[in-house]
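I've put the structures underneath this note.
Each of the two complexes below includes chain A, the first together with chain B, the second together with chain C.
This part shows the complex of A and B:
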């Protein structure tokens, strides 16, 4: 039935019908198969390399030309023949290269695809044997918070992805792969929390989650939050999860998440640096200034005890050894702030201990902080 | 595949790393982990080895100097004793045990074991981006008949 309706001649003046006319225009040309001559560039040849036929391999001729900006509001693949009269399909807010680009996105996409994994099959779930109850509770809490961090990331990227112009398909496809990764992280950590007759724990404090979700000025600002502020924390949590895992299955789970997270951050760092280098002078300073308020949210999250107590129990092995675990947690927090500063500076954002929120700077001086985790 | 267990190989040496190279290049599991593009320095005490990975293979192993670390994406640095402990532990447990994975050592050993010589964080992070492949690479040494200098 649908086919019959499509074959009917357009007899309406409604916009949707005009759209259908436009889309079919080349096919009803008086010249049979005239559309076969409509190409912007023909004869491009590419040989597959060691990794197969990759997106980078195909970036030749006009197909590899990445514009500084694009006014094309269709979903036309870059290099496809533009058809006159096609209505806009979106109003892309991010249509300038500087707003989303990173030179490494094209390779990171391939890395994401070629290093993909399947948590439900590749993790040796049977190897994860029951541990003492308090340890299990702590692990459930830890994994619940990691699942939440992953789902927030999915939503943050999702609400920006459709605003990105198709001229920059390297970035769009990479971010699509990241959404797939974070979906996998969400389900895998949720599975881990529920394993061994488990349960989910408390949701996280979430001040910084809200900040990421509600930031509007641009993707670069959100990217800075996601990849240079939250990213290093998530990466460290995965790394400590791997280091203190009690079986090889958990080791593998956390290692694969480490790989994914580091790849996500590679795009984010490269993009923020690209933006700082190519936006008007002062842009990097503006990003640094933006952090003043954001760091207050960060402090609140770092002071929320639930995640840190759970992690301290995992590290110490029991509630009885929580103080021993908390000393390691304090090290983690110090490492996190150092890492945050290092990555911001790498990207060209002027963030140093001197202009860091005093409350965050306190985490750098462990002996000056409260012994039980702030 | 060569029966590598029959030949005693000295750690550290180019021959030892070449044997690892041969193992992973004939290992479907290593390939399945995905592409890995990295130049990794390995510093065993004062000795330096440069290991290059391209696509799905380990393409080159050579002895180098400290100057080569400038061009490496990252390098792993431990004392001779710490490396011997890792290699022995890997052999005894058919792969690193829970306390000897690369990430664990990087967190537990003072100052970490992985670094980038020029402070390039993006390249230093490649250690994390391909961590499972690197773990598999070193875990494969359990199949070698290793002797120490």
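This part shows the complex of A and C:
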């Protein structure tokens, strides 16, 4: 067999033309075994390193050239030999790097796999013994809310994943790992609510869920909502869940969820920042403007009593101590808004106390009363 | 521990302080129902079994809200298996066992790996698309699908790794669209159509091939890849079989329609159309397989003989799935694709 000599050597690591993926495919021969010559780059020998053979290791030569945009609609793996005349498979709405990319996705994908865990086996369910009645009820409500947050995240990602172009498989595979995590979070929290002959609480207030589900202009907008607005709240709820857990098993499950959520947010923040940095000027400002209405949705969810009273009972230990618990919940909300502002600013979205919705800003002015237990 | 009387008292006190607590009373009275509703009225993404509120905007607009459209037996157990049997393509494959191969063998492995790295994500994109169109009341189905999305990502990834690990590279992309009667896997809008196409036909064929991976592997790393992928693929095929079995029992009025999907699937299997069966006739991957199975490009005749046996095995296993799902009447009543029937007889 004769592989063409003119093929590029593997170690040619110079950056190729990244402006756009080549649209013209060379003619392929229909001769038997002609495919043996059909490669854009031969002689690649990636080696496993300290973390095994990672997806990042594969990004050598042309295989690592991530195009600014791709017009390929036929699922051609990045760097595979193109064939002309192949009908299009789908219309990938997200075919520009700026619409989904984050440099860290490739590492986060491998991390997700290395840090996988098994709720039904690794949580010591027997250690979760019945607690005082009101605490149990509140815990069921809290876990119902967290299970729904996870399931909404499944839906949100599910709506967008299949619209992403194959050229960005690092992001697609990372989001696959995230959607897998959401399934685990859903199951764990639902099972926790049902444990000890429990039952489920009320559904979420839902304003912000609707906002995430109904957002259409792009994954970046959805990503801002999912990772910079909802994400910090979920993360704080997990943290408080861990801090006020009454047994090792609950602590363990919240801690594992924190790890997962931190990973999701690492991608999301990096993506929004990447988009703001690489979209035309004014894009970040637009994201900030978009938040003006969205913040009012948030206020509604933050004022809905169900989740917050449940958490106040968990923190206080009983309804009798709900007022003390609620003081801590007010701290959580203040931290949440602070965190939201910080993350938006980090990503390049101009969100400050000055342009924050006055109703949200009101949460900032509450005095700190208790440590979070971090 | 508070008595009921004292509890009423201090709950009242808390309400006087401005706390709502009405949710707490609702929760107290709520008993989670047994089983899953036949028809889902869930439009707000709530957790199955949770207490609906009257004041939440509806945004679900789920296409699939009838149990008999999507349900399957034993998915909870299958999902647990998905969770326990995850693996890492970075660390669970003994990559260091790969040694340089002759050019024709390496090219054939790389062509096959290119095929898999391309088609594996069909099996990720498409189930992914269905998840969010399905009421969360049928969460067991959604969980199985999202777990499949994860598996397929790892498959895309492990085959890309194989193509770039041993002095080769990616090769020719695949045409999975031309010549497809009734549409490709991507096109299905109906869950049962999708599942019979992807899980039963497409992945069924791939599963047989992965199970025979030892025959086309040239080192421990390749053996491990095929072995682990076969385990994963068996779960994906199981989703389809468990769904069809449920449909057979609870939606018998759809049996004829399902037989039509199977007609289409069989014609793809018999002709190689749709390009999803790498062992299919007239696929360039079947040439690559013939090289690998025979032991070189000069031993392709031998390879083709083995490949014929593999196709027979694919058909045999497909027939077993039909039987398991309750659709094997087609094997005996003359409906099954004649070319497949011939293969089946030859395999017996």
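The rule we apply is simple: the second predicted complex is superposed on the first by the 336 of 374 C-alpha atoms of A that agree within 3 Å, B and C clash if a C-alpha of one lies under 4 Å from a C-alpha of the other, contacts with A are read in each partner's own complex, and residues count from 1 in each chain.
Everything below uses one rule, namely that a contact is a pair of C-beta atoms (placed from the backbone, for glycine too) under 8 Å apart; a residue touches a chain by one contact, two chains touch by 3 or more.
Small disclaimer: the values here were computed from a predicted structure and weren't measured.
By the document's definition of touching, of the two partners only chain B reaches A:269; chain C does not. Once chain A of one complex is fitted onto chain A of the other, the partner contacts of A:290 are absent, as it touches neither chain B nor chain C.
Once the two structures are overlaid, the count of chain A residues touched is higher for C than for its counterpart among chain B and chain C. Of the two partner chains placed by superposition, only chain C is touched by A:118; chain B is not. Judged by the touch definition given at the top, the superposed model places A:110 against both chain B and chain C. In the superposition on chain A, contact is made by A:342 with chain B only, not with chain C. Residue contacts after overlaying the shared chain place A:51 against chain B and chain C alike.
In the superposed model, A:184 makes contact with chain C only, not with chain B. By the touch criterion stated above, A:172 is placed in contact with chain C alone, chain B being left untouched.
Applying the stated contact rule after C-alpha superposition, one finds that A:73 touches neither chain B nor chain C. Overlaid on A, the two complexes show chain B and chain C touching the same residues of chain A, namely 51, 110, 114, 116. Across the complex, chain C is touched by residues 1, 3, 10, 28, 32-33, 35-36, 38-48, 51-55, 58, 60, 63, 74-77, 79-83, 86-90, 109-110, 113-114, 116, 118-121, 132-134, 137-138, 140-141, 144, 147-148, 151-152, 154-156, 158-159, 161-162, 166, 169, 172-173, 176-177, 179-180, 182-184, 186-187, 190, 194, 199-207, 209-210, 213-214, 305-306, 309-310, 313, 318-320, 322-323, 326 of chain A. Here chain A touches chain B in the complex through residues 49-51, 104, 107, 110-111, 114-116, 235, 239-240, 242-243, 245-248, 251-252, 255-256, 258-259, 261-263, 265-266, 269-270, 342-343, 346, going by the rule given at the top. Of all residues in chain B, those touching chain A in their complex are 33-35, 37, 54-57, 98, 101, 103-104, 106-108, 120-122, 125-126, 128-132, 135. In the complex of the two chains, the chain C residues touching chain A come out as 1-2, 7, 10-11, 14, 17, 19-21, 23-24, 26-28, 30-32, 44-47, 49-53, 56-57, 59-60, 79-80, 83-84, 86, 88-91, 93, 95-96, 103-104, 107-108, 110-111, 114, 117-119, 121-122, 124-126, 128-129, 131-132, 136, 139, 142-143, 146-147, 149-150, 152-154, 156-157, 160-161, 163-173, 175-178, 184, 186, 284, 287-288, 297.
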